[in-house]
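A single structure is presented below for examination.
Which chain is which? They are A, B, C and D, in the order written, and residues in each are numbered from 1.
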């Protein structure tokens, strides 16, 4: 396995980990932030796959604005979640 | 789940690891959308679900040994032809629409790429589609978050079962509970009816 | 200008929507005329397009956006709008229904969602843009974008109303996104195998390379089908529809209820006939064996649930779910007459659902509730409104002069010729249910007010109405005229049914569908 | 619900994995998707047709420009819908909001505000760069617009919403979003009136002194500007209404 492939697998595994954490953690603020991390990992993966425009957009939208929207909402409703 | 065949398992896990991960992410998202009780958790699941599909599309555009879909300088219409362009520019700017045919001829030195050169670039179409999909995703997320806030404003909770309970109470409570704040909606309805 | 009539169909509502946004603040009152005028422009473009389609030799017009013509560029480089008879007919229904609803919503919008006229009409017009675009587009991914345009405007329009509507919207968002994403995934699979997104292009590649056995294609078919079934609220996936439509503001439900599910059925027909092709969809997949049985379950369950409702609007939403079952069944019994019936039923169901929802909206406004208890003696107060409402009701039952009779006739003929007796029985069962439902309604509506007094324990609406009040209390003209117009359309389509069927038939003729024994 | 979810997930997963066995090999240049006429045309002839080096931008704004117009419309819809959903009308609108228990009343942090003061111009400059340079490098109207919108959101985060609204009020933001759509669809309509199809930018060469290819090139910049208008303003408007529960006042 070349270094790039290893990097690829590394990101893929962490993507799944981030997704699971974002969904399992009880604090919605943490969930939102982890979701931002998930998006950022996704953006790295896409950049590595050669989809630079998509990666750029995901960095701006997924990791940036989406996370901000989520956090804004979490602040205005309650922070803890039952699951 | 992967089938008994060891070959199939190996094929799926080693050669198609990317495809596998997109399936896993998609399923995580789908599970969260259906099973989670918290509305915001459902939405995070929804976003994961959508990004998984985007990951699938981007995987389609990958080509072995290809670079990003932006012309290298040697293929770039504005790359090594840039000097020629600089010469033509003033002419272009002054040319009327009839002269633009000449300009068109000048540009003919911009040649289409050969098949060999085409292979050097990744397929741009999936990328374009996914730009659109990302945008749609954030728009849906935004609208859904607004809906969540609206629900919270009305029912004071973002847990699905509690919202359901509040709705049940409300729909049963309209006729009997006149003074309680819960029947506000019912009261306003009645007022409207009287007017009409 | 005539060759650009297709562009008018989406450009008019689009510019109208932006204009409504500009007017939304201080000049709110102007939004309504703007909406009506821009839909009128779109209606003109639609009629003009239909005229051109009928006049053209192959009965279809291709409009290549961006000028990527087929003679100099490969098919699928640009986005193509393909207006054939099927798409144009449905598009015309969409715009026509939207035009009537726009006329109708002058009062309801300012009463139910005050200060939100600007956003309302903006979303309203964009909804029409999306739905009309869905009918015409010839590009599988563009269809996804337009589905999302229609979906997002739908979320906005519904959630704009009460808190209860917002709660219903959330389910709609979740299920709608699952549906649209499944569709997107299926399109991805198609693209992976065929390398193009153009519907005709996909079909050509499937035939050329004989992709029918490919696992990817089969799964693509399942995901696209599932996605559309969720979007059209087919029975097990219908959970989002009844609450969302019954709690939405009146004008919203009048617009969405007749159109969204029907347009999705159109998408299903388009996918099976144009994209995957008749042979692939009906011969190579299990759907022809499975789906008719699911349809039977769907129709029976939805009709039974409609029977259990005590609220007019809620009852109508369950009827929509049952009607969706009819049309899906008509497609999947795989028979010429079934498809004719299905397409004709899409058209007639849109008109009669419109009629019913417009009537229900007037009742809701006058009485303050759409609960059955509040309906007593309404006929005496609003004879014209109730007549219009009943025309819709008779059509949904399937009484002869109305269009519902003829479309149902074709569906039943198709079911019998394909020897799908279970489908025929389900149709007859739900017809019986509708007869019960509507005659129960008619009975209540005709009852004199005198008898109503003591039953009113719930305080719904007109409790304080003097008992001998039988004065003529008709709905305002701005609401009554669209209702009567839609009732007239229901009757006209019924009377001129042969003309509509001829158009549908000339679309289906080249497909060589099995006709069964002679009619 | 959980059992249903597991059933759905197992079914979907089975289908997806079943399909995955039939997929083209990873990164195969011969796969139908990469080897079709359409994608080869995009790679080989984008330079000839439009002179834009970034194929993604060319396909996005020109070949599939109609998709992108509706993508912009989707954003616009989101902005309108969110404002309409959260807007308070009548009695509710005049009610003063109760203070949240974790709300702090003191002035914005000095370090934060000074950093933001330094950052915002740079961010906005970068947004313009991304927008204008989208033809030759990754980026374009959408990315530039999001970054621009983020700069306004940053102001709102560092100080409070009114301060950001002094620069861009939500009412004006929605108007500008409409202007963005008008720019995009207007260019399309202009092309139509000049004799082409809707969005056929090449027709613009009849009124501007450029070749047909360069007409496409410049028109793409035009529509990207339209996209940027809409995205910038809508992103800010969405943040403003989400963070203030639709009151459009106070901070997060």
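Definition applied: a contact is a pair of C-beta atoms (placed from the backbone, for glycine too) under 8 Å apart; a residue touches a chain by one contact, two chains touch by 3 or more.
Since the structure is predicted, the reported quantities are computational estimates derived from the model, not experimental observations.
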Farthest chain relative to chain C (centres taken as mean CA coordinates): A
Selected interface, B-C versus A-D, where C-beta contact pairs are more numerous: B-C
Centre-to-centre distance between chain D and chain A (centres being mean Cα positions), rounded to whole Å: 19
Rounded Å distance between chain B and chain C, as computed from the means of their C-alpha atoms: 26
Rounded Å distance between chain A and chain C, as computed from the means of their C-alpha atoms: 38
Cα-centroid distance, chain B relative to chain D, in whole angstrom: 11
Multi-chain contact sites of chain A, meaning residues that touch two or more partners: 52-53, 57, 61, 65, 69, 72-73, 76
Numbers and ranges of chain D residues touching at least 2 other chains: 16, 21, 23, 31, 33-34, 38-39, 42, 54, 56, 60, 64, 67, 71, 74, 77-78, 81-82, 85, 138, 142, 238, 242, 245
Where chain C touches two or more other chains, by residue: 141, 145, 148, 152, 155-156, 159, 166, 191-192, 197
Every chain pair in contact, whichever chains are involved: A-B, A-D, B-C, B-D, C-D
Residue ranges of chain D in contact with chain C within the complex: 15-16, 18-19, 21-24, 31-39, 41-42, 62-67, 70-71, 73-74, 76-78, 80-85, 87, 89-90, 171, 174-175, 177-178, 181-182, 185, 188-189, 191-192, 196-203
Chain B residues within the chain A interface of the complex: 17-18, 21, 24-25, 28-29, 32, 36-38, 40-41, 43-45, 47-48, 51, 54-55, 58-59, 61-63, 66-70, 122, 126-128, 130-131, 134-135, 137-138, 141-142, 145, 148-149, 152, 157-159
List of chain D residues in touch with chain B within their complex: 1-2, 4-6, 8-10, 12-14, 16-17, 20-21, 23, 25-29, 31, 33-34, 38-40, 42-48, 51-56, 59-60, 64, 67-68, 71, 74-75, 77-78, 81-82, 85-86, 136-138, 142, 205-207, 209-214, 238, 241-242, 245-246
Touching residues (chain side chain A, partner chain D) in the complex: 52-53, 55-57, 60-61, 64-65, 68-69, 72-73, 75-76
Of chain C, residues touching chain B in the complex: 111, 141, 145, 148, 151-152, 155-156, 159, 162-164, 166-167, 169-170, 173-174, 177-178, 181, 184-185, 188, 191-192, 197, 365-369, 457-462, 464
